[in-house]
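Presented sequentially are two complexes of subunit A, the first with subunit B as partner and the second with subunit C.
Moving on to the complex of A and B:
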């Protein structure tokens, strides 16, 4: 079976998975015994006619499955409206998701930079001080409340040393953004793709050669990135350590030594084998980062997906929740797919 | 101590001692073992599981890993250029160059010995290119020849196969081909058939025997199966609890086993030379190697044990020409 068959088979499961995720999310939201419409409108604008109007618009006078069908059809046709902000949810997502991508990317870089070297060190110096330290580090990362770490980081890097700032997100200049926005019309198909990538401020700036914006982005976002890296880095390090030790203790490595292979060559065998579980965990982590870090975005004042999700949940903003979940589901499906393809590329035992 | 090799010797091991420093205590895995291997000879190292056979052979190229340590001894080896070196003392680069080149191994389990992420061909190619400056392409042609030599059908296709695409027997053949890729002087086969189907075992043994003759190499065969020993080996060393207790030509061993352990061992397996009514097991267990008994290590299980056996360790004596044993039964006389 080739790659195409695999992709087609995956595509077939794609739609039911997405619908299932939407249905479950909707049912959970629907189970909340409250009147969302009141929460949406707010006290200032509240009057019976307006409430009635919104109720009818979102089919709250109909059975749940009609509400759900309405939400899904609006979502898929791209017309779904965020009733709290009173604009299209996609406008909101297109604004926020690129920011989350930036945070996720920087966080991921820190995650890899912290997790992999620490894991390798811990494995090479097994049962030493560094190994012990990594164990404690991983334990702390997974048990420490995230905000505690974040506030300490802010205290150290912002309050005392002013190496970063906590307001706004750097964007490329208006001319640059206009140029990227015009790409789909000048180059059909390819332009759409490039423009989508360019919608991430950092990438857009890089495309226009506005490197100061890129540098600024790192200055603004390295702290949340570092925070996310510190939080999960220990866990990654443990995975790296364990899979390295597994590989180092294996018979094929001993046989490689018995064949007189040079150190570098032996390490190639070790690393390639140890990479398999690490790739999975990193993939899942990246997917997680892309769905936004609620606490980090709140503490570091980043208007990304996590914040949007949090705001929407507190205001019972079902349409926004449905739309964001829809995006998250797509992210997870795609990252899983990428991980599976990487898997097969590394390990010949795995075929599609 | 400037010992030298006698004529025709490839390997001469003296007083080899390996200990493992575990949490439970110091394990005396191999205690002052001495043996030699001649050119073109098949030597069998026989003993129960855990008696130190594998550790002995791995110590030869210093493949002992933490927490194990080679404490003592020498292992003189005659290299391809007729230079005699002590394997236990040469620098790391030299021993690395000897491994897989002049001394090669075949491990017990071919499934775990081959890296699942690399093809059979890659295993052979890297083994060769790590020791000699050759183009990978030429080696690949050589690899096909090697696979043909170990009787793998359609070798042109098989070089591109990953280990999981081969059967167990095929995998062991691939391992043997890999080990032979530098035409070693000494091949160490560590229970090469234990993890294979019974039907395949005989084939692999015959293959090893044929290749040994063809490549004119020496072969150390580790096994616990005396049936295998009778089939292909010229000489036998019997090991018990980290020591060698008897050394003999294969036929002598079967006709006239001297050590009580060897005698009992022969009664516990079908003997190719004698008909035995009933197979017997040896009563008792192998002693702990953390605190081995002070005298003869077989004393607790020995039917002929006397007082002296418990107190003092017997040394190896030559009872008949080329037939040596470590037992008070023969020392007394």
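Moving on to the complex of A and C:
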């Protein structure tokens, strides 16, 4: 099976998954016994005409499947409006998602920096003190209630030492943002891609050479990243260790040693083979991070996707919920696909 | 060394007792299953050699005991707001005997309730929720995974697509959606069913007239069960696929056993050990997950002392007045989860035949 057929097959199986996710979201939302329109409008602007207008706009007088079809078609054509904030949901998502990307990236850096070296050390010095430490570190990390760790990190790094701050997100200057916004018109296609990358504040600032914004971003967001590294780093280290030990104990290593290969060459083979489970777990972890961490965003005061989803759900904001879920499902699908393709890139024995 | 021996002997006693009961129920059971019993004793020995596992087992034992008798031990009812009588009790700091007296040891919360006494109720609630979630979510997933893996074809495809949909869904989000939607419905149901209400409030160690809060707890629980099963379905299906091709399944089919019996008696025992390990780990995850949901304000509210909710309230005055409260409740959650995780880590080694064989076995101990 070639890569194209594989991709086509994947795409076909993903369509029902995507629709299923949307449908289930909608049905859960539909089961709410209260009137969502009242929650959207709010007490101040409440009057019968306005309620009626919104009811008609979102097809609340029709059966549920027509409402659902309306929501999905509006979503796919990019016209869906967030009734609470009264603007296009995609405007809102394009504001929130880049921030989540930043948080996820910084968290991921910590995860890799803590997890992989510890795992390699534990595998090289098996059954030593460091191996035992990694085991305990992993178990404690997965047993810690995240929010308690966040509180004490804030106590240590913000209240006592002021090495970070907890308000706002650093953005590049207006001229820089204007320049990035103008890219698609000056360079068609390539410009679109570059401007999409530039919409992440950190990357945008880097493109304009505003390095102080990048530094500020790290200063603002390293604490949630560090927390993530402490919570999940041990788990990653354990996986690195186990897969490395599996690879080191295999027959091809024995054969390579018997042939008198240099240590460095042997390690290259071992690393390549041991990387597969590690890539899977890291990939899935990154996908999870991109859906936003509600608790971290609440405690660290970050206006990302998780917070947006939480606010939308508590205000029964169905259009926003549907749009955000759609984005989450796509992220899940894409990360899985990327992980599968990475397999083939790492291990030539795997072909699609 | 003595601990190893004591743990091993205790486990062997439990196994012997079980064998005795089975033998009474169906005579001849012990001779028929002697090799299986021997295997169990081997597992018991391997387990007693694992320091981490014994520590985890002890923690789990103590936590279970505390969860059972906790609400009886609590010396202050959680619904009494003492701050009304004595304003000094509003977030009273810890009061350690030689320097201060007349106030609770670890201080009080915003309603003047003793923090330690309150935590006993929280213990019970967290423990029961995690048990409920895992012991309902796991069988559901196992059942679906068994059927999908064994039947194959269209049924497999449908079940696995469904599993995919639920996995593609971020767990916390689904749980939030449920927790915000369900309480009203369950509440009406509980209002009507006095018997169910009394039973549930007894299990959670709460007053029966707290049914609005019970509804919130139940909705957290329903939400978590829905998030929980897909993982099990996937793992079970994977292992069933390999077990299905074994000769003994073929033999069972030829003898003419019904599918239900083949699945339960021949397929399930062969896929059970990874599931047991996963369940142990998940008891830890479920405890933390439930606490996280209440932390976000989606679980029970006043006056129910759920640990996550108590922490989120204490967080409002963090760190000046409440650092010790957050630390204390956080440690309780950490200890519960750590107990399950340590136990699971040891069980993984013990239940895996490859690693178990490497642990030297002494007959009789």
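Here, the second predicted complex is superposed on the first by the 346 of 352 C-alpha atoms of A that agree within 3 Å, B and C clash if a C-alpha of one lies under 4 Å from a C-alpha of the other, contacts with A are read in each partner's own complex, and residues count from 1 in each chain.
Following the convention adopted for this analysis, a contact is a pair of C-beta atoms (placed from the backbone, for glycine too) under 8 Å apart; a residue touches a chain by one contact, two chains touch by 3 or more.
The shown structure was predicted, so the numbers you read here are calculated from the model rather than taken from an experiment.
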Subunit B versus subunit C as contact partner of A:180, first or second or both or neither: neither
Partner chain(s) touched by A:159 [first = subunit B, second = subunit C, both, neither]: second
Which superposed partner A:106 touches (first subunit B, second subunit C, both, neither): neither
Subunit B versus subunit C as contact partner of A:313, first or second or both or neither: second
Subunit B versus subunit C as contact partner of A:295, first or second or both or neither: second
Which superposed partner A:142 touches (first subunit B, second subunit C, both, neither): second
Subunit A: partner with more touched residues, subunit B or subunit C: C
First, second, both or neither for A:348, with subunit B first and subunit C second: first
Subunit C residues touching subunit A - in the complex, by the definition given at the top: 52, 161-162, 164-170, 172-174, 176-178, 180-181, 184-185, 281, 284-285, 288, 291-292, 295-296, 308, 311-312, 315, 318-319, 323, 326-327, 329-330, 333-334, 337-338, 340-342, 345
Subunit A - residues contacting subunit B, complex: 250-252, 254-262, 265, 269, 272-273, 346-349
Of subunit A, residues touching subunit C in the complex: 13, 16-18, 20-21, 24-25, 28-29, 31-34, 135, 139-140, 142-148, 151-152, 154-155, 159, 288, 291, 294-295, 298-299, 306, 309-310, 313-314, 316, 321, 325, 328-329, 332-333
Footprint of subunit A on subunit B - complex, ascending: 58, 61, 63, 65, 96-101, 104-105, 107, 109, 112-119, 123, 126-127, 130-131, 162, 164, 175, 178-179
